[in-house]
Amino acid sequence: MIIIMRAGATQTQIQNVVSRIEKDGYKAHLSDGSERTIIGLIGDDRPIDRRTYEVMEGVEKSVKVLQPYKLVSRDLYETDTIVNVNKIKFGDSQIGIIAGPCSVEDRTQLLETAHAVKEAGAQALRGGAFKPRSSPYSFQGLGEKGLKILAEAREQTGLPIVTEVMTPEQIPLVTNYADVLQIGARNMQNYELLKSVGRTSHPILLKRGMMATLEELLMSAEYILSEGNNNVLICERGIRTFEKYTRNTTDINAVPVLKSLTHLPIIVDPSHGIGKWNFVTPVALAAIAAGADGLIIEVHPKPEEALSDGGQSLIPKRFAELVTKSRAIAAAIGRK
Amino acid sequence: MIIIMRAGATQTQIQNVVSRIEKDGYKAHLSDGSERTIIGLIGDDRPIDRRTYEVMEGVEKSVKVLQPYKLVSRDLYETDTIVNVNKIKFGDSQIGIIAGPCSVEDRTQLLETAHAVKEAGAQALRGGAFKPRSSPYSFQGLGEKGLKILAEAREQTGLPIVTEVMTPEQIPLVTNYADVLQIGARNMQNYELLKSVGRTSHPILLKRGMMATLEELLMSAEYILSEGNNNVLICERGIRTFEKYTRNTTDINAVPVLKSLTHLPIIVDPSHGIGKWNFVTPVALAAIAAGADGLIIEVHPKPEEALSDGGQSLIPKRFAELVTKSRAIAAAIGRK
Amino acid sequence: MIIIMRAGATQTQIQNVVSRIEKDGYKAHLSDGSERTIIGLIGDDRPIDRRTYEVMEGVEKSVKVLQPYKLVSRDLYETDTIVNVNKIKFGDSQIGIIAGPCSVEDRTQLLETAHAVKEAGAQALRGGAFKPRSSPYSFQGLGEKGLKILAEAREQTGLPIVTEVMTPEQIPLVTNYADVLQIGARNMQNYELLKSVGRTSHPILLKRGMMATLEELLMSAEYILSEGNNNVLICERGIRTFEKYTRNTTDINAVPVLKSLTHLPIIVDPSHGIGKWNFVTPVALAAIAAGADGLIIEVHPKPEEALSDGGQSLIPKRFAELVTKSRAIAAAIGRK
Amino acid sequence: MIIIMRAGATQTQIQNVVSRIEKDGYKAHLSDGSERTIIGLIGDDRPIDRRTYEVMEGVEKSVKVLQPYKLVSRDLYETDTIVNVNKIKFGDSQIGIIAGPCSVEDRTQLLETAHAVKEAGAQALRGGAFKPRSSPYSFQGLGEKGLKILAEAREQTGLPIVTEVMTPEQIPLVTNYADVLQIGARNMQNYELLKSVGRTSHPILLKRGMMATLEELLMSAEYILSEGNNNVLICERGIRTFEKYTRNTTDINAVPVLKSLTHLPIIVDPSHGIGKWNFVTPVALAAIAAGADGLIIEVHPKPEEALSDGGQSLIPKRFAELVTKSRAIAAAIGRK
């Protein structure tokens, strides 16, 4: 069971609930969020009468949740969570589109791409400064230098910045520059990192592990929310299957299923999901038709020279076409 | 290399080509179709000058194809193949929708469903009379009795019939009643069955094996075309992945990829693809947005009483909504 | 529930049981085997008192089985089934080793291999005359000519023959020549074929589908036993996984798990299981250590010239080493 | 290409090599290990004459390696690396056996298990103090308190300690108590963690990610070696497949394949590999027969009360039987 305290509940009120839980023979798990405190009652909660806790001072409500994930579940919050990133409202009626290169490679490349994607209709800029690479000998990103270039792009274009953070120690640095912190697929079950970004108030873009189930994905989001940060965008980016022709298999089923299981916004990354630029647009349109709240698209001015993921990057002109077609599909299902 | 003979080429002309192939040190593979003969030249064809064969009498053209599949490849036929099923033209600008129950259970159930799906906008009726079941103790279908009920439904509604054939011996019986022969996912690599339906002139709906790659799927289609039957609808119906919440994972990537690799029409089965009725519509819309030429949807008047696959069947009213929404998406991408 | 009739039960006794089942509101499923009849009671059998049936004349015993597979289950028969193939007793304390080429290519190749594997210690000879190939243009086997060569090899060496059958129609031909009928991985769910071999009295070597679960494998064996043929060897031959370095992944877990779930003998095919000859021996030894009752190994005198699967075939000399090492492992676990 | 400097090479010698690399138009990647420096030459190294570098002062040798992993490759070091953990020599002729509970739960449980596994023949003690759990509400381990209990167990039994480290920050604490640092499956691609343990001189037990390929596993080991720590034990612990009856699928193929690709010792974890205690022993025996250098086995005095993984834990008595049988298999293949 989860006991949600009112915003502004006092330490005494919280302590009283904890004491009551322990007196009843359970353990209490405190999530001390910036907005309010949530108390998990750990143990077999079937015999408990919820009203026992709901009448206590400072308590907003309590919920019994069958799924192993609690705070991310629609059973707890029925209405869609809106995650605000500057003026974009992910989870609202408009489809939010994030675009940019896989990696920040140099100032020219990034600024050129930033202006191009803005003009084409993107609402946020992506670009990696810290890159998780399977080889220690591959390009590992520009680090802080890359973050500074991203900040300059934001200044010039007004686009908010989405960039990856790989370790708890990088968080103070990255939050200085970025608007949204991305957790990459390989770190989806890096629990210490999840807890650490859960203690920030930045929006988090959480990518599905390449072989994770939807329950595992939601459990990882639960780690973030359990630390008090509710601003999580869940990102489907393709799973590993036996198909060799495509890099990954976009799990389109995940879109309506996640929308039914969680109140958090769902973003789709068709660039990683299929891995070949010439198929990115049809998959992006499919994602919107299936109900996705946003897209994240790799765009590069010269894909053939990209240091990473060139083969799945659109040139700005084709990205502009994708945006136009996306609007038509969005309109067909009554969204913007 | 593939040598395509003209329609009406004589036996002597064909024999001359075969003799030349053997004289050149290769083996010849003859596909004696109802319309024309195709001769495969088996072996390392790199040193061959194609004109050697193209100047021979009765030869229409020859093609070197890099992929292991030849006749199904777009390298051989660039333009979309249109498969005619009564008045539906699969592969043309209109999206064809096939609907009906998993199994023919009895006359009342089938006729009721047939009228309902017709009214809702379906253009063909599906229903299984022979059912491949993982248990020998499960309902195995009504057999010929089921086929007769399907024929009656066609008479009443005018809808062409799509139904499964499981063995070469069933083919004469099933072709008597059905308009389209379905090869089920479990039989995708039942090569004798593929060859046998390849010798009919009926359109074939070939379902992807639940763990087959796209290349394996196209190789299975190649078996059918290599026997002379080009009327093949390729059907994506979901693949097995680690995701437990859904029955299968609809491979939405398969739609644009197959459209680029083959000239054959691509159909999507979102009912098996996700396996829960409440998510069928978003996946169907995604399939159309991604470029599918048709849908096959399970519809049952009383899903809770269905002998098989009730959980993924739509009631007619919801199917009608699916058709309406599908039209909106089709219009948004310039199709009907 | 399954009701097992005594050997020699009369038609009247059987009919009485069926009538009683129907009177009790269930359906009866008759499996009329060559040795005895088994009657499946289909429906929710929880309220039934087993003794009602066990006291009837001609009934040996009745069993309630929780798993979807019944006749193959250890719940039904606790003791190991011994499948006799000439003098080999698969399922007994000795490890049975089957060896030979993937395909029968010509008389010389097969006879040479047959003598070599016999000398090295093999107890049965494998070789395909009908080959399921993913391409219609690949070598499809020598057919009856291949069967005749196999029969000649048996005459010369005394080794029983294991060879694949692909369709119900081939069965009369293949049973004329072969001692064991192999069902290939791609046909594991070809239910008509399973039923047809279930009506023969030949031992069947049933290969696991390359992406089948153990339950699906046992359900396919159930199809064979439900038709009256209990002589089934279950063969683990590797499953498809994401690993690219090996052709398949030998599921070593399957060995002890299958031994616990079924009374049928378990054979392992390390040649397909790993797909590279230089790793076949360690995997074969692992299979024996894990409790397998037999091995099936690809051996070819000139692997580099093989028409199929050359890369995973041992030369006879290395196969002889495998046999020697296998004996050492078998001895270490108290087997022969 | 990799240029390996002699132990004791001077900074000037190293700098000279780097300068030469850059002059030749390549990038240099320096791995400054505690024992010696390795310099990676990044770029297309085909035109380079190796002798150019090998004649330079301070250079031991240079190697061109085709695989993406270099330092872990057998192409670089042909002979088996021996990893010393107290008196155990992993990679030598003796099979090393590590045993203990999944988690350190309390002092009594751990000390009891430690004495029992020692008596049964284990050479090292495992036990988790920091536990990566998919739910934030599950038991997360005792932390430093658990480490202290482990240290006490070592003092009493003399067994070296294997325990998991989850973040770079925990390393100083854990290295204070542990003899071997374990990297868990979920952290196999946590590159910052890999680099951090690569900077210690402790032996590392690197678990394969549950859906990682062998190349990805070796690339992760490469991260550790590239920082100068060569004491890495590679651990196969089962991969995720479609099989539902077992928790994972032990990839037995991985044992001989890894032994051929890398010089590092290979350990198998059959407890996670199959996930049910009653099948752990056959899989352990299979691992040894396939050539594994060691085992890691979960043992718990009262599995039914374990806070995690009870279902796959052996009681000490059965573990003792496993050790006895393991010795018989080891002897059969000429090991100890």
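Chains here go by letter, A, B, C and D, matching the order in which they are written, and residues are numbered from 1 within each.
In this section, a residue touches a chain if its C-beta (ideal position, glycine included) is under 8 Å from a C-beta of that chain, and two chains touch if they have at least 3 such contacts.
Being a predicted model, the structure only gives us computed values, none of them experimental.
Chains that touch both subunit B and subunit D are the following: A, C.
Of all chains, the one whose CA centroid is most distant from that of subunit A is C.
Distance between chain centres (mean CA atoms), subunit A to subunit C: 49 Å.
Separating the centre of subunit C from that of subunit D, both taken as means of CA atoms, is a distance of 38 Å.
Note on chain placement: the centre of subunit B and the centre of subunit C lie 32 Å apart, centres being C-alpha means.
Subunit C has residues 211, 240, 242 in contact with two or more other chains. On subunit D, the positions that touch subunit B within their shared complex are 211, 240, 242. Residues of subunit C that touch subunit D in their complex: 211, 213-215, 239, 241-246, 249-257, 260-261, 273-274, 278-279, 282-283, 285-291, 325, 328-329, 331-333. Residues 29, 40, 42, 68-70, 132-137, 166-169, 186-187, 189-192, 195, 210-211, 216, 219-220, 222-223, 226, 240 of subunit D are the ones that touch subunit A when the two sit in their complex.
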